[in-house]
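Below are two complexes that have subunit A in common, paired first with subunit B and then with subunit C.
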Partner chain A sequence: MGGTGGKGGTPWLHLAPALVVLGGLLVYPVYELGLISFLEYTQAQVSGGEPTSFQGLGNYRALFTDARFGQVLLTTVVFAAACVVATLAVGCALAVLLTRIRALPRLALTLAALGAWATPAITGSTVWVFLFDPDFGPVDKALSRLGLSGFDGYAWTYDRYSAFALVLLEIVWCSFPFVMVTVYAGIRAIPGEVLEAAALDGASQWRIWRDVMAPMLRPVLVVVTIQSVIWDFKVFTQIYVMTNGGGIAGQNLTLNVYAYQKAFASSQYGLGSAIGVVMLLILLAVTLGYLRLLRRQGEEI
Partner chain B sequence: MRRPRGRLLAESVALLCAAAVAFPLYWMVLSAFKPEDEVLSEDARPWTAHPTLDAFRRVFGQQDFGRYLGNSLLVAVVVVVASALIAFLAAVAVTRFRFRFRTTLLVMFLVAQMVPVEALTIPLFFLMRDLGDVTGVPGVGLNTLGSLILPHIAFSLPFAIWMLRGFVRAVPESLEEAAYLDGASRARFLWRILFPLVFPGLVATSVFSFISTWNDFLLAKSFIISATENSTLPMALLVFFKDEGNDWGGIMAASTVMTIPVLVFFVLVQRGLVSGLGGAVKD
Partner chain C sequence: MAWPSTTTPASLRTLVLVVVGALLCAAGAGGCAPRTPAGGAGGDRATGTLRVWLFREVDNAPKAAVVDEAVAAFERAHRGVRAEVTHIPVETRAQRIKAAFNDPRSAPDVVEYGNTDTAGYVRDGGLADLTADLAAWDDARALDPAAKRSVTVDGKLYGAPLLVGVRALYYRTDVFRELGLKPPATLDELAATARRVHAARPGLYGLAVGGAYTYAALPFVWAHGGDVAERKGRSYEATVDDPAARRGIAAYTSLFGDHNCPASRCARMTGNETVQAFASGKAAMAIAGDFSHQAMENGKVKGAYAVVPLPGTREGRIAPAFAGGNNLGVLRSSTHRTLAVDLLKSLAGKRTQARLFDAMGFLPAFTDVRAEAARKRPFVEPFVRTLASGARSVPVTPAWAAIDAGQVLPTLLQEVVSGRADVDAATAGAARKMNAAFRKNGLRS
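Our next item is the complex of A and B:
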C-alpha cells in the first residue's frame, strides 16, 4: 500500500480533526462519566454549596442494593432481546419475500419500509401512541369491530406488558427496514445457480433459508444482529415519549430512561453516571464478542 | 421456473405488508389534514371528506415554530457537512497509509460506535456548561445550538469513518499514482479527484448523521433549558401534549412537518444508501 503515503505527508495530519473532536467530545466525556460515578454529585455539589466528595464504589453499592435497579436491568435485557428477535425475524422474512416477487410490489414494499426507517423516533412514537389511543385511535376500534370487544377503549399504556408490546411494535416497525434492506442486498450477492439448484432439488423455502442462505449470509447477519442489539439496548426516545417518561410508577423504565431520571429529574448525577457506566460495560462486552466473531471468520480489519 | 400461483401469493403478502407498514404514516398525514372534530371523534374513519389546513395553522401559529424548524435544519446541516469532511480525511488516512496503531485506531472507531451516547449526556452537560462559562467562547455553552452541534459531530464520526473506508478503498491506487505522475499535488488529488469519486459514499453516510441529529430528543431536552429561542423541533412537538387532553391534530401536523424532510432526503439517496450499506457490510 504505497498510495498517498509515497508522496510524503503523514496520516496523522488527516486524522487530526477527527481525533481532536473524538478526544474532546467522546473520550473525555467517557472518562468524566467514570469519574462522576465515583463521586457524591448532586445539586448541592453542582451549585457549589457543598464540596464534592469521593465515594469510592458508594454509588455502585447503592445501585446494586436498589431492588428497582435490578428489575430495570433485567427488563432492559429481556425487552432488548425481544426487540432484536422480532426485528430480525420480520426483516429476514421480508428480505426473502423481496427476492420472490416482481419489481412493482418490490418497489411498494421497499418504499413503505424506507418511509418507516426514515421516520424520526419521536414522531414515530407519537403516531403509534395515537394509533392505539383508547378514545380516538383506529386500532382499538378495528379490533372491537372484529369481535374482540375487550379492546374497545383499551388503554394500552396502563398495563405494563401491553405498554411494552406497543413500544416493541414501534421499534420493530422502524428498525426492520435496515435488516430487510441489508439482508436483501446480501441475498442478491449469492450466485443464482446455488438457489436454483436448491429449488430444483425440491427444498422448501424454509430449508433454503436455513441450509443455504443463512450460512452464506452469516457475516451480514452478524452485522445486523449486533447493530440491533446496540440500538435496542439503549432505546430512549420511544420509551420516554410513549410511556410518558417510564410508565405509571416507573413500570416501563429501561436503563437509559432510568439514568436520565436519576440524573436530570432528581439531580443525582453520580448515581446516573454509575448507571451509564454499567450500560457502557455491557455494550463493550457485546462489542468485544463481535470483534472476536469477526476475527474467527478471518476478516481483516 | 417458479409457479405463478406461488408468486401471486407472495406478491399479495408483500402488498399487504407494504400497506401495513405505510399505514402509520398514512394515518399521521390524514389526521394532520382532518378537521379537529373528526380527529377527536370516536369513529376514527380512515378518510376525510373535509381536508383542512387548520392543524398546520395551529402549528405554525405557535410561537417560534418556524424558528425551531430553522434551528433543527441548521444543526443538522452543520453536523452533516462537518462530519462528512472530517470523516473523509480520516477514512483516507486509515485506508491509504500504513502506520503504527492503524489497527488499534480502527478498533477504537468500531468500539466508539457502541458507546451509548445517551449515557454521555451527564458529562457532556457539564462539559458544555464549562465551555460556555469558563472559556466564554460564544455559541458553545449550554442553551446554544453549539451544544447540540458539537456532540452530534462526535457521535456521527465513528460510523461515518467506518463506512467511508469501503468507498475510499474501492478507488484504485493506480489512479492515484497516475494523478501524481501528471503532476497533481496531494491536496489536488484529495479534493479534486478522490473526493468526487467517494461522494456517493459521503451521501449515504450523511443520511445517518442527518437522521440521528434531526431525531435527537435527549440532548435537545437536556441542554437547551432556558433559551427557548434555541429549541429544536422535538420540543415544539411536545407543546401539543396537554394535561387537559392532547391536541392530536396539532401533534400529527407537527409530526408530519418533522417527518417530511427526512423522508424526502431518504428517498432521494436510497440508491446510494443501499449500495453503501452493501459496501460497509462486506468489509
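Our next item is the complex of A and C:
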C-alpha cells in the first residue's frame, strides 16, 4: 500500500464509506448465514416458541450423511457445466454472426435475443413446458408430422435425461442473450485492422476466432464465464417449474431445489444455511481456481 | 474489468474470520445469536379492535357476506369492540402467518389455518391453548371426531374446526352408461372398471391417478388396514413398510401403466392435474374433493358426472378418506383473549357454518349441521357418508411438515410407478426418511 507510510489513517478514512456499504451488504449477511448454519434454527426459534440452541457441526453432519446430497451435488455440477458450455457456445457463435450480417437481420436477431432475455424465468419455463406437453404441445405434433412417430405424445419430463435436456434448452435460451450482447460489444472494440490483417493472411473464420478474437476478448469471456457458472449453479425456477419440483422421484433435483425441499419449505433454516455455506464455498473455489488458472497462463486480469 | 490481485487471499481470510467468528459466537453466551422474540402471551383487554385473518377463496364475496353478518352480530353484542376482517391469499398464507408469529404487533387475534399445520404452529409457539375456553362450548359436542383431532395436540385444543373437506370418486355417467358399467363397489372392481374403460376408450384415462397425489394414495393404504405411521410414546414410527400398508401402495401404484393411466404422463401428476383431466373430459373417473365441485361444473363434464364414496376392499365398505379442512385459532400474542375466543365461537359456530355451507358449499364440521346440509343438497351426500364412516389424517406432529416438504410419499409412489424400485424397497426407503424426521422433531415435542 506504499507511500503514506506507517501512521496513515487517511486512506482508510477515504475507503470507509465503501467498506461500510460492502460490510453491510456482503459480509454481514454471509456472517449471519454462517452463524445460523451452526444453530438449531427453525420457525419455532424465529417466533419464540423454543430457545435457540448451538448444534456445532450438526447441520453439516446431517447434510453429508444424507446419501442424496452427494448425488444432487454431482448432478448439479455436471448440469451447471453443461449449461455454461452450451450458453457460451451459443452466445459467442451468435455474437460473431451479429458482426457478419446486415443491419436488418442483425436488428431482428438482437430483438429476439432481448425478448428472451426480458422474459421472466417462470414465464419462460411455463411456456416451454407447454410447448413440449405430450397432449397439447406443438413440438410433439410437429415432430410426429415430420415422420418421427416415436415423438407422438412423447413425455419429455418422464425420462431423466430428456427432462434435463429440456431444462438445459430453456436455460440456454434465456441466458445466451447476456453472453451474446457482452461478447458482441467486446468484438466491436477490437480494432478492424487486426481482423482485416488476419483475413488477408487467409485465416479461416474459426482460426480468426481462436487465435485473434478469443485472446483479445479474454477479460470479457472471464466475466461472462464466471457469471454463467454462478447463475447455472444456482438454477432453481426452471427445475422447479418444468419438472414439478425436482422430477419423477427426485431425478432432476439440483442443489437449490434440494435445499428448498429439505430445509426452507419446512422452515429448517439452520440446515438450509449449511447448504448455502457449502454452495458458497464451492462457487468461491471454482471462481478462484478459474482465476488462478488464467493467471498462470500469464494473463493480466 | 480488473480483478485486483489481492482479492484471493483477502477474501479467503475474511471468510475464515467469519466462520471462526460464527463458531466462537455461537459457542459462547449467544449474545450475537439471531434475535428470538420473547414470544410471551398477550393480554385480555375488553375494548378495542380485533383483527381476523381468513383465507380468500376463489369466489370470496359470498363468504365475506356471511362473515360480515356474524361480525356485525358480535359487535352489537360487545359495546366498544370492533372486528376488522382481512381475507388473505391462500398461496402466501404460510409466509403471512409465520410473519405474524414473528411480529405480534401486526398479528391478528383470530386466524384461519389449514388443519395439517396445527402441530407445526403449536410448536412454533403461535397458537393459544383454548382447552379451558372451549370446554363449556355447547356447539362443540356435535363436532366430528376427525375434525376435533385436527385441532388437538397432546390432548389440548388449539382452535375450532371451521370446515371439513373430503374426497370421493367422481365418475362419468355418460361413459358408464354407454359401456354398460356400474360404479365400482370394491377397490378391485375400481381397478377392473378403469381397465375396461381405457380399453374401450383409449383416449380416456380409466381412473386419473397422480404420482404426486398423496391424498388419493392414502385411502388405499388405510382401506388395506395399513397406515403411514403410528404413535409410539411421545413420537411416531413409520409403518408405511408394514405388509398391510405395502398392499395398499401396491394397489394404488398398479393403476399406473398403459392399461389405465400411462406412467409417462401420470407419474408426475398432482391432485389438481387429475381434477383438471377429469373436468376437461380426459378421464372417466377421478378421486376429487367436494371442494372441486365448481371446477367440474366449469369444465366440459358439466351435467355428465356423479359421485360415490371411494369403495373399500370389501363390498359395502368405504375407504377411509383424508380429513382435510380449515380451523380457526387464537394467537398466543392476542391482547384481547376473551373477546377473541368469543368471536371464534361465533365464526366457527353452528349458525355460521350452516350459512357458509349455503353460501360456499363448505362442509360443516358439526355432524348434525352436516346431515341437514346433505338433505338440502344431495350432491354432498356421498361426501357426508364418507365422513360418517370415518375419515383419517396424517400424523399430528411438526415432523410431518418436513416429510411433506421433502416429498417423501410422492417419491415413494414415483419410484414404484417408474420402475426404479419395487414396493418393498421404495416403502423401506420412505420409512427410513420418515423415521429420521420423527427422531429429529421428536426430541423436544
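As a working rule, the second predicted complex is superposed on the first by the 242 of 301 C-alpha atoms of A that agree within 3 Å, B and C clash if a C-alpha of one lies under 4 Å from a C-alpha of the other, contacts with A are read in each partner's own complex, and residues count from 1 in each chain.
Here is the rule we go by: a residue touches a chain if its C-beta (ideal position, glycine included) is under 8 Å from a C-beta of that chain, and two chains touch if they have at least 3 such contacts.
This one's a predicted model, so the numbers in the text were calculated from it and none came from an experiment.
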Worksheet item: Which partner does A:Gly289 contact after superposing on A: first (subunit B), second (subunit C), both, neither?
Response: neither
Discussion item. Which partner chains sit in contact with A:Gly70 here, subunit B, subunit C, both or neither? Use first/second/both/neither.
Written reply: neither
Worksheet item: First (subunit B), second (subunit C), both or neither: which does A:Pro17 touch?
Response: first
Worksheet item: Thinking of the overlay built on chain A, is A:Leu97 touched by subunit B (first), by subunit C (second), by both, or by neither?
Response: first
Practice prompt. Could you tell me if A:Ala108 is touching subunit B, subunit C, both of them or neither one (first, second, both, neither)?
Written response: first
Discussion item. By the touch definition at the top of the document, which applies to A:Pro219: first (subunit B), second (subunit C), both, or neither?
Written reply: both
Practice prompt. For subunit A, give the residues common to its interface with subunit B and its interface with subunit C.
Written response: 30, 32, 36, 46, 135, 219-220, 223, 284, 291, 301
Fill in: Residues on subunit B engaged by subunit A in the complex (per definition of touch)
1-2, 6-7, 10-11, 13-15, 17-19, 21-22, 24-25, 27-28, 31, 39-44, 46, 85-87, 89-90, 92-99, 102-103, 105-107, 110-116, 118-124, 126-127, 150-151, 153-155, 157-158, 161, 173, 176-177, 180, 186, 189-190, 211, 214-215, 217-218, 222, 234, 237, 248, 251-252, 255-256, 258-259, 262-263, 265-267, 270, 273-275, 277-278, 281-283
Item to complete: Show which residues of subunit C lie in contact with subunit A when the two form their complex.
Response: 1-3, 5, 8, 11-12, 14-15, 18-19, 21-23, 25-27, 30, 32-34, 36-39, 98, 101-102, 120, 123-126, 211-212, 262-265, 267-268, 270, 282, 398, 401-402, 404-407, 410-411, 414-415, 417-418, 420, 444
Worksheet item: Considering the complex alone, what residue numbers of subunit A touch subunit B?
Response: 1-12, 14-15, 17-18, 21-22, 24-26, 28-30, 32-33, 36, 46, 94, 97-98, 100-102, 105-106, 108-124, 126-128, 130-131, 133, 135-138, 141, 173, 181-182, 185-186, 189, 196, 199, 219-220, 223, 230, 233-234, 236-237, 240-241, 256, 259-260, 263-264, 269, 272-273, 275-277, 279-280, 283-284, 286-287, 291, 299, 301
Worksheet, complete the sentence: Residue positions on subunit A within touch of subunit C in the complex are 27, 30-32, 34-39, 41-52, 54, 56, 134-135, 155, 157-158, 219-220, 222-223, 243-250, 261-262, 265-268, 284, 288, 291-292, 295, 301
